[in-house]
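The letters A, B and C name the chains in turn, as written, and every chain counts its residues from 1.
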Amino acid sequence: MTEVYKHIHPSKYFNDYINQDVRPDGRDFDQQRDVIININGITSADASAIVKCGNTTVVCGIKLELARPKAEEPDIGFLISNVELLPLCSSKFRPGPPSDYAQVISNIVSDIVINSKCVDLKDLCVVTDKLAWVIYCDLVCLDYDGSIVDACIIALITSLKTLSLPTVTYDNETEEVKVDTGVKIPLQVHGLPVATSFGIYHKLPRNIILADPSAYEEEMCGGIGANLIVCWNKGLFCGIQKFGGCNLSTEDEKRTISLAKQRCKLVEQVIETCIKNGEVK
Amino acid sequence: MPLDYKRFNGPEDSVSYKRFTADYLKSYDELHSELIDETGHRKDGRAMDEARPMYVRGNFVSQAKGSSYIEMRGTKVVCSVFDPREIVHQNEFSTVGLLFCEVKFAPFACKRQRQSHVPDSEEKALSVALRKAVGPTVCCQLFANFQIDIFVYIIESDGSCLAAAITAAGLALANAAVPMFDVVTASSVAIIGDKIFIDPTEDEEHLAMISPDTNTNHGVITMARLNGLMQIADFRQIGSLDIECILKVTDILEQECQKVFPKIQKTLVGYVKNGIMEQKRLSEEGKAREAKLKDKMLEWRSSIVNNSV
Amino acid sequence: MQDFKLKPMKCELNYLSKSDGSAILSQGDTVVLASVNGPMDIKTVNQSIEKATLEVLFCSKEGKPSVADRYKENIIRHTCETAILGCLYPRTGITLTIQELENYGGLLTCAVNCACLALINSGVGMRHAVAALSCCVDGAGELVLEPTHAQATAARARLHFVFDSREKSLVTGFTEGTFSEGTYEEALARCRAASDLVFAFYRDIVSNYCHVI
């Protein structure tokens, strides 16, 4: 019966819940969903992580390649991250090239990684002007249930942290490249950016902030995608994006920032324990 | 290759580092000799006629009507099925429903080079094969002018991808409560000379297809079977094989498909059981709520009567 | 009250004769042209029964589409959607086309301001006007409002904010680089105060335009 009600009156259904100070899935307004991480589950990738935030599932696989650095920047390598929103993860997405929304998410994720400077691109250079690593990070969404950026960032950072680069020898005269997979050096990852998404639901007398919104909640807060994404990295912000939804007052903003900081500590712990457990295995 | 404006692109000349490793190029004979060790076991320790252990689950994707996940060691496949929807851009009324299948590889699915984002011929061939294999089991006449989308995503591929995709699609369709004649399962073999590899890995499949000798048997066969009806839904052969060999392999494949069947059945029955229990619980809760409401109503009424008196 | 100085702004409304509303705006050396068409009929699939559908097209100077352009479109679309009274025109579409002409920093803020002026010019019902401002943190950690191109490229972080004209609350915000919480709050407060200048400029432009007709 409730399912039918949800389909016929989606906004009223949602409003009824909010008026009772609870969200449709039983969470409090501030409460975030549990995070589950599995590392190196995919053997065909050089490093990988599968992250579940509630129902939202994102797989990150890293493939390493070698290329000549750009002529204008001969001493840096490449870090290419793309987010793929498959038609299989939600009925909102259709097959074909990435939709506008997928491109926006790709851009946000890639911006956060670049801004946080968690990977020094100079570490990726093997021989100046001759050879550099290209790290392809492909983030694939298997289940879209909101707050996709959070899950993407966790998956990306976790797999970067577990990545190690094989040693490369380059012969300057013959230009011959040799790769030894026996000896691997872990990639240096500085910092640990964690993104936290919020939905802002318009309600009088004051708007309601929903932490870690699900796909349904995102829809109720003005369309697909979260309204506010705060990214905190070891004491510094590396991206605050606000778009759509309702306008944000100063006090709401302060609350979201403190929530984002709390969340960051928690996620950090989860990632670190996961990597530790993975190493023991 | 035209530049992809909708993604971030790496440098054009980048190549996988595996190209520069010592064991990148190996001759056919070398690879062939590596497949089986002295004791007659395969590289991963399996016997020749031993399939990999299979993990099966449904309800994998929360947003889909029905979905499934299948893992056979190195082969991991996700499938989801959505509600039937009206066929767009079609002028004529079609009396039978359509199936739309799409198989995609993850960019990191293959061990060797990175998979391109643009659908390649292999993905297209797999999509067609999947549609042909699943088509006979779906009651298409029940949803005229509608189409059902089946999406398969291969997270990691280590051989027998098509077989895994078909089995996953069969389970996902049943999970989505799409009317079907029977549960479809599939299995594949690779044949190199007189050896038959059941449930082959990527290396075995690869070798079976590139055999330099044309006189000996070599190839890969994938077969989909409707187990309750004891019918073959699809039979796909690549390579050159003689008739005796095919007949022999068909029997083996039938048995293999039959072995997978109970696993799928068990999973589905489990979901039906859970569904019934859930419904029972919900209706009981509903009744309890109604009773409470009724009590409150009575209380309220009596208070009104009292007040008016 | 601090004395804010913004880059010199010049604007011409109704720059294009064939569109329903248009504006060309220069902020410093950055120049953007925006045109609005609508409300008009669109394909049934894109129609919404609740409000007008806003389509934003951002054309960069190079002409080649890129992922970053889609991101800019997304920001402009979300910003303008909150500004427009879309519920007045259900089942219709409003198209907003933005052409980058010169880019010497602050392109996106200029584009948002230009889009707002074009929307005002087109006569589409609006809830409020919006003003976009940017601010950067230089190497020494000092805040610079409306940085020049050289300052912006050398900066540690660039922060951009869009405010509405009624309550000065934050409509849109996006940042590049890393910065501390204190910097963020100060930048926000400064940009909020400086938004008055942008709104005053809007008022000037629109009243001048009224005199002409």
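Here is the rule we use: a residue touches a chain if its C-beta (ideal position, glycine included) is under 8 Å from a C-beta of that chain, and two chains touch if they have at least 3 such contacts.
Just so we're clear, the structure is a prediction, and the values are computed from it rather than from any experiment.
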* Which of B-C and A-B has more C-beta pairs touching across its chains -> A-B
* To do: Just grab the chain with the largest centre-to-centre distance to subunit B, centres being mean Cα coordinates.
  => C
* Asked: Which chain lies at the heart of the structure, taking centres as C-alpha averages?
  -> A
* Asked: subunit A to subunit B: how many Å between their CA centres?
  -> 27
* Distance between the centres, which are taken as Cα means, of subunit C and subunit B, whole angstrom -> 48
* **For subunit C, residues that touch 2 or more chains besides their own** => 67, 70
* Asked: Listing for subunit A: what residues touch at least two other chains?
  -> 103, 106
* Asked: Of all the residues in subunit B, which ones touch at least 2 other chains?
  -> 6-8
* To do: Would you tell me which residues of subunit B are touching subunit C in their complex?
  => 5-8
* Sites on subunit A touched by subunit C in the complex -> 100-101, 103-104, 106-108, 111, 115-117, 233, 235-249, 253, 257
* **subunit C - residues contacting subunit B, complex** => 64-67, 70
* Asked: Which of the residues in subunit C end up touching subunit A in this complex?
  -> 67-68, 70-71, 73-75, 78-79, 81-82, 164, 167, 169-181, 184
* Asked: Considering the complex alone, what residue numbers of subunit B touch subunit A?
  -> 4, 6-11, 13-18, 20-22, 60-64, 67, 74, 76, 78-80, 82-83, 102, 104, 106-111, 114, 117, 149, 151-153, 155-158, 286
